[in-house]
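All remarks here apply to the structure that follows.
Letters A, B, C, D, E and F mark the chains as written, and numbering starts fresh at 1 in each.
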Amino acid sequence: MILTAMTLFLCAAMIGAALFAVLGRSLPIAILAAGLVSLVASILFLVMAAPDVAMTEAAIGSGLTTFLFFFVLGRVRRGEND
Amino acid sequence: MAGLLDIVGGLLMVGGTAFLVFGGLGLVRMPDLFNRIHAGTKATTLGTLLTLAGAACLRPDWGWKLLLIAVFILSTNPLSAQVLARAAHRIGAAMSVKTRVDRLEEDQGA
Amino acid sequence: MAEALVSLAVLLAGLAFLLALWRFLAGPTAADRVVAFDVMTVIGISFIVILALLEGRGIYLDAALVYALLSFLGVIAVARYLERGY
Amino acid sequence: MTQARHPGVQFATLLLFWILLNGSLAPDVLIVGVIAAAAITLLLPGAIPFFGQFRGNRPEAWVAAIGYFTYFFKELVKSNLRIAAVVLAPSLPVSPGIVKVRTKLKTPMGRLLLANSITLTPGTLTVDLDGDWLYIHWVRVESVDIDKATAEIVAGFERYLEVMYG
Amino acid sequence: MIKRVIALTLLAGLGLLFLGLLLDYRPDTDLNLSARYYAERTAPDLGAANIVTAIVVTYRGLDTLGEVTVLFLSATIVGLVLALGRRRGQAPAGLAPVGELLTTGSRMLTPLILLLGAYVFVNGHLTPGGGFQGGAILASGILLLLLADPLRHFSHGLISAVESLAGVFYVAIGLAGLVWAGGFLDNRILPLGDLGALFSAGAIPVIYSLIGLKVGAEFASMLASLAETEEL
Amino acid sequence: MVDISLIAMATGFVLILIGLYGALTNGNLLRMIVAFTVADAGVNLVLVSVGYMRGRTAPILDSAVPAAEAVARIIDPVPQALVLTAIVIGLGVTALMLAYAYRLYEAKGTLDIAKFSELKW
C-alpha cells in the first residue's frame, strides 16, 4: 500500500523531470533534470527489489554522467568565449 | 522492552523527516541562494542523521552500516555546500535585498 | 505503532521531496536548482533507508552508502562548471 | 602548511573503515582488507587520512575530541531548531550578510573540520577560506567587526580543534 | 515544422504499440523455468548468495566478457577521437582556482571512495553490487581527484597496465575453468566454501574483482583522455 | 489496486517516448544526447519492471531469505542481470557520443546539426 503510493509519487516526479530535461530552455538545467531522472530511477529500482541495478544507477548517475556532460559543455562555452 | 525501542525509533524517524520538511520549506521560502543553501544543508544533514538513528533503533543489527552512512553524510554534505556557495559567490549570484554586508566582495574588489 | 510512525515518515519525506522538486522546477538560477538537487539526493538516502526497513533487508543499505559517499561529486562538478573551473 | 605523510595512520584508518563496512572480523575479511588498504595507501601518497594529523599521542586531544563532538551535536540540533523557527515565521526574519573572521588553525584537516562545523552550526555557512581568513555567510548578522564575529562564530570550535590538531 | 509532425506521428505509432503491450501484460505470479532453475541451483552449484552476480559472472559469463570488451573499445575510441583534436601549448586562461577546502576534502575522501569501490566488488557474490558498480565507484574516486586538480596528469601507463593485466587474468581464469572444471569461466576451479563467507563461491569474487579493476581502469582512461584534451 | 510493475512499466514507456521525441526534434547535439539518456533510463525501467513480482524480494540470499525458501520468495533475477550491464554500457556509449560531439564542435565550431551541411544533398 505505502509502496504503491511511493511508486506513483516517484513515477510522477520522474515524468516531470524527464519533460523538463527534454523541453527545458537551458542546457545545463536539462542535464541536471536528467540527473534527477537517474536519481528517481534508482529509488524506483530499489522499490522493485533490484538493489544491484539501483546501486549501478547510483554509482553512475551520481557523479560520472553529470561530470561528462558538464565537462563537454564547459569546453564548448570556452570555445564560444574565445 | 523492545517495544519501547521501536517507538523511540519510529519517533526519531518522524522527527528526522520533519526536519527534512523544514529544509524543503526553507528551500522554497528563503529569499536568496545562500539562505537556501543554509536551509538545505543543515536541515537535510540533521534530518538524515535522525532518520538513520531511528532505523538503528528499529534494527540494532544494522548499526555499523548506518553509522558509516552518517559519517559519510557528515563529511560530504558541508563540503558540497561550501563549494557551491563559493562558486555562486564567484559568479555573482543575486543576493537578497535584505543583505547587510558582503566582506568577501569588498576584499576581492580591492 | 512503529509501523504507523514509519508510514508517517514516508509521507513526510515525500512532502520534503515535493518541496525540493518545486524549487528545482521554479529555479530561478541554475545554482538554485543544484541546491534543490542536492537536497533531493539526501532525501533519497532517507527513502532508501526507510525502504530497507519496510522490506526488512539490510543489504539495501549498500545503495544508500553509495549515494552518501558519491552524491556530492555531482554537485561539485556543477559548481566547478558554474565558476569556470574546467 | 605541513605536508607530513602518515602512511601508518592512513592504513589503519582504511582498515577500520573496511571492518565497519563488512561488519565482521573473520580472517578472510581481514586479509582482503589489509591488501586493499595497503594498495590504496601506496597508490595515493598525497592523501590525508580521515584521522590524520590528529594528535592521538596526547591524552588532552582525546578529551577535546569528546568535548568537540558533544558541542558539535548540540550546535547542530540548535541550528536546525533555529532554521525551523525562521522558516515557520510568516515574516521570515533574516538579515543576511557575509562577514570575515580569523582562524588560528594551521593543519589542513583542522581547517576542513572547522569549516564543515561552521557550515553546520546555527545560521552560518562557510563561503571561502583564504589564508587565515574565513568568509562566513550569516543568516542574521549580529556584528561585522572581525574580532566580535570571530568570538561569536569560530571560537567555540577552535577551542577544541586547536588542542586536537594544532 | 514538418520534422516535428513526422516525429510526432512516429511516436504516436510507437505509443500505440507500447499501449498494446501494456494492456496485454499480466505480471507473473510464479517464477518461470529459467528463473526457477537459477533460484534453486545457484546456492548448491556455485555457492554464491547473490543470484544476479551468479548469472552475470558464471551462467552468462561469456556475455559479460563481451560487455567488458565493448567498454574497452569505447574507451579506446574516446581516447583516439579526443587525441586527434588535442590542442598543445595553450594554457587555459581564466580557470577558477580550486579552493583549499575542496583540495583537502578530496585528499581525505578519495581513499574512502576507492575503499568503498573495493568493498563493492570484492563482496559482489554476497551483497548487491559487483565489478561494474565497484569499477564505476573507483572511477568516481579518480573523478574527485580530477575535480580537485583539473590540470592533473594521470599516468596512462598505470591505467592501461591495470586494464590489460586484469583482462589477461580474467581470460586466464576462464580458460582454467575450461581445463579444470566444467567449461569456460566455470567458477568451480576454487573450493566453493560456505555460503555467505567472503572466501566462497569459487572463483566468482576473483573474477568480479578483476572485472571491477578493468571497468574502473576503462572509465578512468576515458576521464583522463577527456581531461587531457588540452596539454600544457 | 494497480500493480507496482504496471505503473513502473507505463512510466518507462512514457520516458522512452519523451526521450525519443527530444532526440528527434532537437537540433543541438548535446540536447539529443541528454534526451538519449532519458530514453535509456526508460528502457531500463521497463526491463526491471518485467521481472518484478508482488510480495517478493530481491534475489540475494542472506539470513532474511535462506536458500531453501528462495524459489518462493525471490523475483526473477535475469532482467536485473541484463539491466546491470546495460546501464554501464549506457555510460560508455554516452561518453563516446560526447567525445564525438566535442570533436564535431572543434571541427565545425557549432553543435547545431542543421549547420552540418556535408550530409545534405
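One rule holds for everything that comes next: a residue touches a chain if its C-beta (ideal position, glycine included) is under 8 Å from a C-beta of that chain, and two chains touch if they have at least 3 such contacts.
Keep in mind that what you see is a predicted model, and the values were worked out from it rather than measured.
**Student:** According to the touch definition, list the chains common to the neighbour sets of chain E and chain F.
**Tutor:** A, C
**Student:** If we look at chain B and chain E, which chains touch each of them?
**Tutor:** Under the touch definition, chain B and chain E have C, D as mutual neighbours.
**Student:** If you tally the C-beta contacts, which comes out ahead, C-F or B-C?
**Tutor:** If we tally the contacting C-beta pairs, B-C comes out ahead.
**Student:** Roughly how many whole angstrom separate the Cα centroids of chain A and chain C?
**Tutor:** So the centre of chain A lies 12 Å away from the centre of chain C.
**Student:** Using CA atom averages as chain centres, what separation in Å is found between chain D and chain E?
**Tutor:** 33
**Student:** So how far apart, in whole Å, are chain C and chain E when each is placed at the average of its C-alpha atoms?
**Tutor:** 24
**Student:** Counting in whole Å, what is the centre-to-centre distance of chain B and chain D, each centre being its mean C-alpha position?
**Tutor:** 15
**Student:** Considering chain D alone, which of its residues make contact with at least two other chains?
**Tutor:** 17, 21, 50, 112, 115, 126, 128
**Student:** Can you tell me which residues of chain E touch two or more of the remaining chains?
**Tutor:** As it turns out, chain E has residues touching two or more other chains at 50, 52, 96, 99, 101-102, 105, 108-109, 112, 116, 120, 127-130, 132-133, 136-137, 140, 143-144, 147, 219, 226, 229.
**Student:** Give me the residues of chain F that touch two or more other chains.
**Tutor:** 5, 10, 21, 52, 57-58, 60, 62, 75, 80, 84, 87-88, 91, 95, 102, 106
**Student:** Please list, in label order, each pair of chains that touches.
**Tutor:** Touching chain pairs, listed by label, come out as A-C, A-E, A-F, B-C, B-D, B-E, C-E, C-F, D-E, E-F.
**Student:** Would you tell me which residues of chain A are touching chain F in their complex?
**Tutor:** It is residues 1, 3-4, 7-8, 11, 14-15, 18-19, 21-23, 27, 30-31, 34, 37-38, 41, 44-45, 47-53, 56-57, 60, 64-65, 68-69, 72-73, 75-76, 79 of chain A that touch chain F.
**Student:** List the residues on chain E that touch chain D in their complex, please.
**Tutor:** Chain E residues touching chain D: 99-101, 103-105, 107-108, 110-112, 114-116, 118-119, 122-123, 197-199.
**Student:** Along chain E, where are the residues that touch chain A in the complex?
**Tutor:** It is residues 50, 52-53, 92, 120, 128-130, 132-133, 136-137, 139-140, 143-144, 147, 219, 223, 226, 229 of chain E that touch chain A.
**Student:** Please give the residue numbers of chain F that touch chain A in the complex, ascending.
**Tutor:** Result: residues 1-2, 4-5, 7-8, 10-11, 14-15, 18-19, 21-22, 26, 28, 30-31, 33-35, 37-38, 41-42, 44-45, 48-49, 51-52, 56-58, 60, 75, 80, 83-84, 87-88, 90-91, 94-95, 98, 101-102, 105-106, 109, 111 of chain F touch chain A.
**Student:** Going by the contact rule at the top, pick out the chain C residues touching chain A in the complex.
**Tutor:** Contacts found on chain C: 7, 10, 14, 17-18, 21, 24-25, 27, 30, 33-34, 37, 40-41, 44, 47-48, 51, 54-55, 57, 59-60, 62-63, 66-67, 70-71, 73-74, 77-78, 80-81, 84, 86.
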